[in-house]
Structures are given as structure tokens and as C-alpha cells.
């Protein structure tokens, strides 16, 4: 059983503002991230899958398929976008990196079996490196499956 | 003579759109960066100064002063901002990273002598790491002074 | 459930010398790290917390609180210090990075509930990157809680 | 209980070609990696061990022993080699990074007790960073022990 | 005037062997790099161009053109290749990273004006990061133009 | 003509204190770096040499010789040392990283011709990465030769 991680990057902007809170509470809660015109990040995401190694090919995950899956469902729709304005899921939800992680994990989980129809590999977790200091992680082990 | 570089980070969003060009020409020129709602980056900037080493203190640049100068004139005003909406200089200029480098270099050059009034140190150059693949650099050697 | 990691840095010096061992045994055991006048490192620490995402705010951990907690109990007291001479806990214990990890984890565990009084988030683990080649990790999963 | 990771590097070449598949199937499966003359990587490996901290010495793993073990059984025999031509295990197996991870883990597991004869430390896992985007991991938690 | 650097990666194998030297002299000179079956690297290359910023577009280099140029003339022909066996220029020349830098610089210089026909931007230099410890650089300032 | 850079690492401690200044002036000038018991860093140094590429061997610098030179004169004498207590040059000089750069450059310049007796390669510059944010550089171009 092997764990394989592939890294991807995309750049997007977001503004943190909770509709149910007052202007003051938003400023207090999100600080500079509440700035009305938003700011942005180079997000780095790491997608980890797990599976047994095939005896004949020596591979546990077909990385071309994983590449296509993540490009189609995550990097393509999010790269160089405004998360608040361009992504339907963040019309109603604050685009914190926590919610972004949940959304990316949801997209990959939903599309996974159409690309990897067998028992293996399974999607184990998604990590987002938001800045050089902040990392967010979600997956199987965190009760999301 | 020693060269000293200090690194800083800030996160901001921008949208690339040249007012004098048609919508089509903008899309052609800037690609996804022309997306109306913008996107963002974690910018890393490197400020390089040069000067002789003081015999008594063993220092060429007082890094506390450099820190304060860059925080006050660059990181403070730009961090977690929308370059297009929040920064006066980008009302009329497209906030490409080339123009951002020119603007940061201009701000530091202008404030430099109020913080370092003597002959040394001098500001040598500014580099901006926009993404893991794109780096922009401006300075003395590039005919800006 | 989301896992959030924030990174911090501090610089300190240490000398490895076990009081109960002979001078020869110390040299044999710690090699150059036994050098009487010490040496130092830029330590990078990663603090990982885990918790559910709040529906309204989209946050799992208030990073401002985590920042304050780690600055007050870890980075402030250790940055630019001699671990042997300046830190009480290392009067009797050798300041190996193993013991430093235990001490940092102990400090954070002890202060955690005063800053995060609810059930969540919990402190999951602490990692110390001592040099580019050596990493130390301690936490829940390692039977420390 | 502490987890300690040490990093090592080596450079090697490989060619991916499954003997039981046709030339076309190989090209389809491995893409450019099937190029007859091979290509290469700077592999970075991370070896993680786990154990309790000794009260007197403050150490959980004798890093000099770990260094010697990995140099003798992994870095020495693989550095600046052709995995296909120079390494016996890859005469019959395709030298994918999955199989390389299995082989490195097997070598370390086999030699471990001759270097660390006691109950602790145990070998917990091996990670291989093949390129800046691809990481492979194998260990206890993955049912290999 | 601005300097813009874009990074690219490719993986290739090479074997260092000078045809005019004896087997012993080759082993003495190149050490493990003389291993008959070769070894490989993840090469990272940085291409730096320089030019004035266009007032209307705010750009100094059209990065889409630079991307295409480097993909067509460098990354495409070299990625996942054996430099000795697959690249004509290294039939007669030893594929040291010095010679690889000269070859890449030659290819880019030769194709440059077909892609950037005006006076600006100019190609300033090429750097190759061969391993985490070895970097090679060639360009204008080094008398190559 | 090619520029070749090789990176090295060492860990050392230092305390910044100018003998000719009062205790107060020292605290004011060096801040936490004046802490009496010192602190430390993982220094990374980059040594850059320049020379023409030899037609037969394809090499511009014999990296084995450069390795030996830097290990013997810099890494060996400084690794895991206290700069203040263990290094003669810092008995009278404050071991700021500026002075450390000057000292390392002096050692390499002095020993260079015994290892590289011909006209080429020449030592071009030395850079020290003191922390992730501070870099110091000295060399030919800075009037040191």
C-alpha cells in the first residue's frame, strides 16, 4: 500500500465577510481579510491518494488521470478567479480557506469514482498551503468520509 | 562593501485590464488575468541595500530601520488589499507586477533618505516573487536611478 | 473536521552535554554538538490544531488567538536565547531538540484551555524543523496526551 | 514518544518499461517515461523513526547510526546509478517510484535491527520526493509491516 | 527597465565521459558521474529577460511568448530524455551541466528574434539548478553575447 | 564563461556586543541579539566561481576541489562552534553576519590560488543566508578585490 501526493497551484482572490454579522463584528473577526475589495493568494494544493502497487506496471495511481481530474474540477474552475464573485458555492458561504478545503475535497470525492472506478486508489486527503505560514488539511482521517 | 537583502511578504489581489484596449484585446493580452473579478497572489519582496561595514558595530545596514521603512511604505499599505480598488497609483495604471515593482521601488527611493540620511546604505534593487515561477526585478543596474 | 497548521520561527543556541556522563562519553555521544561554547539554529516550528468549521464564520481556529498563544509562551521566551543558560527547564535537562519539542508541547498544552476554553480546537501536534535535514514531531498520536 | 525524520538525497536515472506489455501499451502507459534511453531525478528521501526519549541523554534516535544505516544500504548503492541497469532488484521489476519506495523500505526494515537492536526506535515510514510535484510514501500505517 | 525571470523544470539523465580520456582518467575526473549507465536530475531552469515596461499594457515581456519559446526549444526536446543518447549536440560533447547551460542559452538566443522581433526584450541570462547544491549560470554579463 | 555556485551549510552561535559601547547602547543597537548567552543560526553559504568551460572535459570548475577548499577553511572550522568563543577573528570583532561574510570571503580568497593555481576559475562572490529573511553578499563586484 502506497500513498501518492501530487501538488498543484492556482491563484485566486477572496474577501472574508459573514453576511449574518455586523460590519464591526466582521472587521473584528477577519481583520484585514475583511477589506471590501478583497485580496488574494497563490494557493498550493496537495492531493493524496492511496492504493496497492500493481505487479505488472509498478504503479499505484495513474497520475495522468489524477492530473486530469484535478485540472478539470479544481484548478481550471478556480485559477485566476475571485472566489466570492466567480464560484457559486461561495455565494452563500464565506470563502475562508477552511471552506475552500471542504469544497475542493467535496469536488474531488464526487468526481473520483468516474475517473477511478475500481476499489483503488482512494482519495485520502487534501492539503492547502494558503501562505508560507498557514496550511489547511482535510480528509478520511478527519471524519469527512 | 556588503549587500544586504531582507525579504517581506504580503497578499493582494489585482485584475489586469488596460482601459485603452477593447474587451477582446484585453482578453487576448491578459488571458485569465483579465477575469473581471480579479484574482490574487502572495507576493514576496526582497529589498537589497549596499554599504560599507561600520568598524565599531560590524553592521552595514540598520535592519530595524529598513524593517520600519518597508512596513510603513509598502507592506502596510498593500497587504490584504485590492491593488485596483485600494491603491491610488493603480487607478490609472494597470497593476501588472512590472508596474507594482516600479511603484514599490519609487516608494522606497522616495522615503529612503528620510530614514538613511547619510551617504550609505543605498537602495540597490527590489525583487518581487509573484508566483513560484515568475520573478520581477528593478533597480540601480536597470537604469531606474 | 479540519486540521490547521501555522508556522513560526525562532533562533536560539544550545550545547549538548549530559551532566551524568564523563567528558569522553559526552564527546562520543554528541560529537561536535558537545563543543563547550555551544552553537545555534534557526528553529522552525509548526503548530497543528484540529476542529470543526463554524457554519457562520467559516473558521475552525481563530488564528489570531493561536498566534498570540505561541508568541507569548514559545517564540517570545525562546527567540535569540541560549537554551542552556536562559531557559529554566534546561538547567537540569539536556536541550536536545527532542527535549525542546517536549517542552514546547508541554507549554502549549498547559496554556491551551485558557485561550481556547471550548471543546474545540484541540492541539494535535508540534513539529520542529531543526536543520534542513532534521525534523522532530510530538503530539496526540504519539501518546503524549 | 517522539518522531524523528532525517532527509537524504541521491540522483539516479530510470526508464519505465513493463516487459509483459507491448511497445504501444508501454508508450500509452508511461508516456515520456518510456523513452528508451531513460531520464533521471534528484530523489529526496525522508526516513522517519519513532521512539521514547532517553532521560539521561535526551535523545530518541542516535542520528549517527541512522545516517550510517541509510548511507550504507540506500544512498551509497543508488546514488548516481541507473536503477534499471545497476540495481539487481530492478532487473525484473519496473523502477517506478512506487517500486523504489518499496525497495528502500525493504532494505531499511531488513537492516534496522542490526543497527538498532532494542525495542526502540522503530522505522515508521519512508517518503520519496521524486519531483517538486510528486511524493510517494510507505510505512507501518500503510500495512507494510 | 525591468528584469523578468520565469522558471521551468525538466528531468533528464546524463553520463559524464570524455572520449579523449582513458577509462581511469574519466573515473578520476567525473567520479560517480562516470558510471556507465548514467544517472539523472530534475533540472530547474530560470530564463531572465530584460526590457522597458509598455505604458499602455504595463508589461515588459509577453510571458505567453516566452513560455512557448522555452517549451518548444528547451523543455519539449529535453524533458525525460537521455542527454547522451537523445540529444544530437551531446554526441560529441560531454553533457556536463556547463555544456547543457551553453546549449540551452544557444537555443534560446538563436530562436529569440523570431519570437521577440523588436529591440526589446533581450535575453539576459539562463540559470540551471542541477541539484539543491549546484547552480550554473550563463549570459550577457559573462561574455556570451 | 560560466558562473558556478555551490551551497554549503553550517550551524553556529553568536552574541552581538560591541566592546566600545555601553551596555545600554549595545541593547539599543543589537536588541535581542545582545542577549549575554548568545543565540544561533543555521547559516547557508553560497560560493560562486567563474571561468571558461574546458573543451575536453566540459567543466569550468572542479567541484571536488571547491568542496575540499570550503570544507577545510570554512565549514570545518565554523560548524557547531560559538563564533565569539571559538573563532580567533571574532575576539576583537563583533560576529555580525556582515563580519562573518567578510571573514569567509577573506579565508577563501587567501586559500584560492593554492587550490586553483591557474588564471581560472576566479572566486566571484560569497552569499550567506542567515535566516529565511536575511541574506548577506560580498564579492568582486562590491569592491573587495
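Going in written order, the chains are labelled A, B, C, D, E and F, and every chain counts its residues from 1.
Heads up, the rule we're going with is that contacts are C-beta pairs under 8 Å (C-beta built on N, C-alpha and C of every residue); 3 or more make two chains touch, one makes a residue touch a chain.
Here the structure is a predicted model, which means the values were calculated and not measured.
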Where chain A and chain D overlap in contact partners, by chain label: C
Selected pair, greater C-beta contact count between C-F and A-C: C-F
Selected pair, out of A-B, B-F or C-F, that shares over half of its residue contact pairs with A-D: B-F
Relative to chain B, chain with the most remote C-alpha centre: D
Per Cα centroids, the chain farthest from chain C: E
Gap in Å, rounded to a whole number, between the CA centres of chain E and chain D: 30
Chain E, residues touching no fewer than two other chains: 132
All chain pairs that touch each other: A-B, A-C, A-D, B-E, B-F, C-D, C-F, D-E, E-F
Contact set on chain D toward chain A in their complex: 16, 18, 20-21, 29, 31, 93-96, 98-99, 101-102, 132-138, 142-144
Chain B contact footprint on chain E (complex, rising order): 1-8, 46, 50, 53, 56-60, 63-64
Residues of chain E touching chain D in the complex: 9, 11-14, 32-33, 35-42, 79-82, 84-86, 131-132
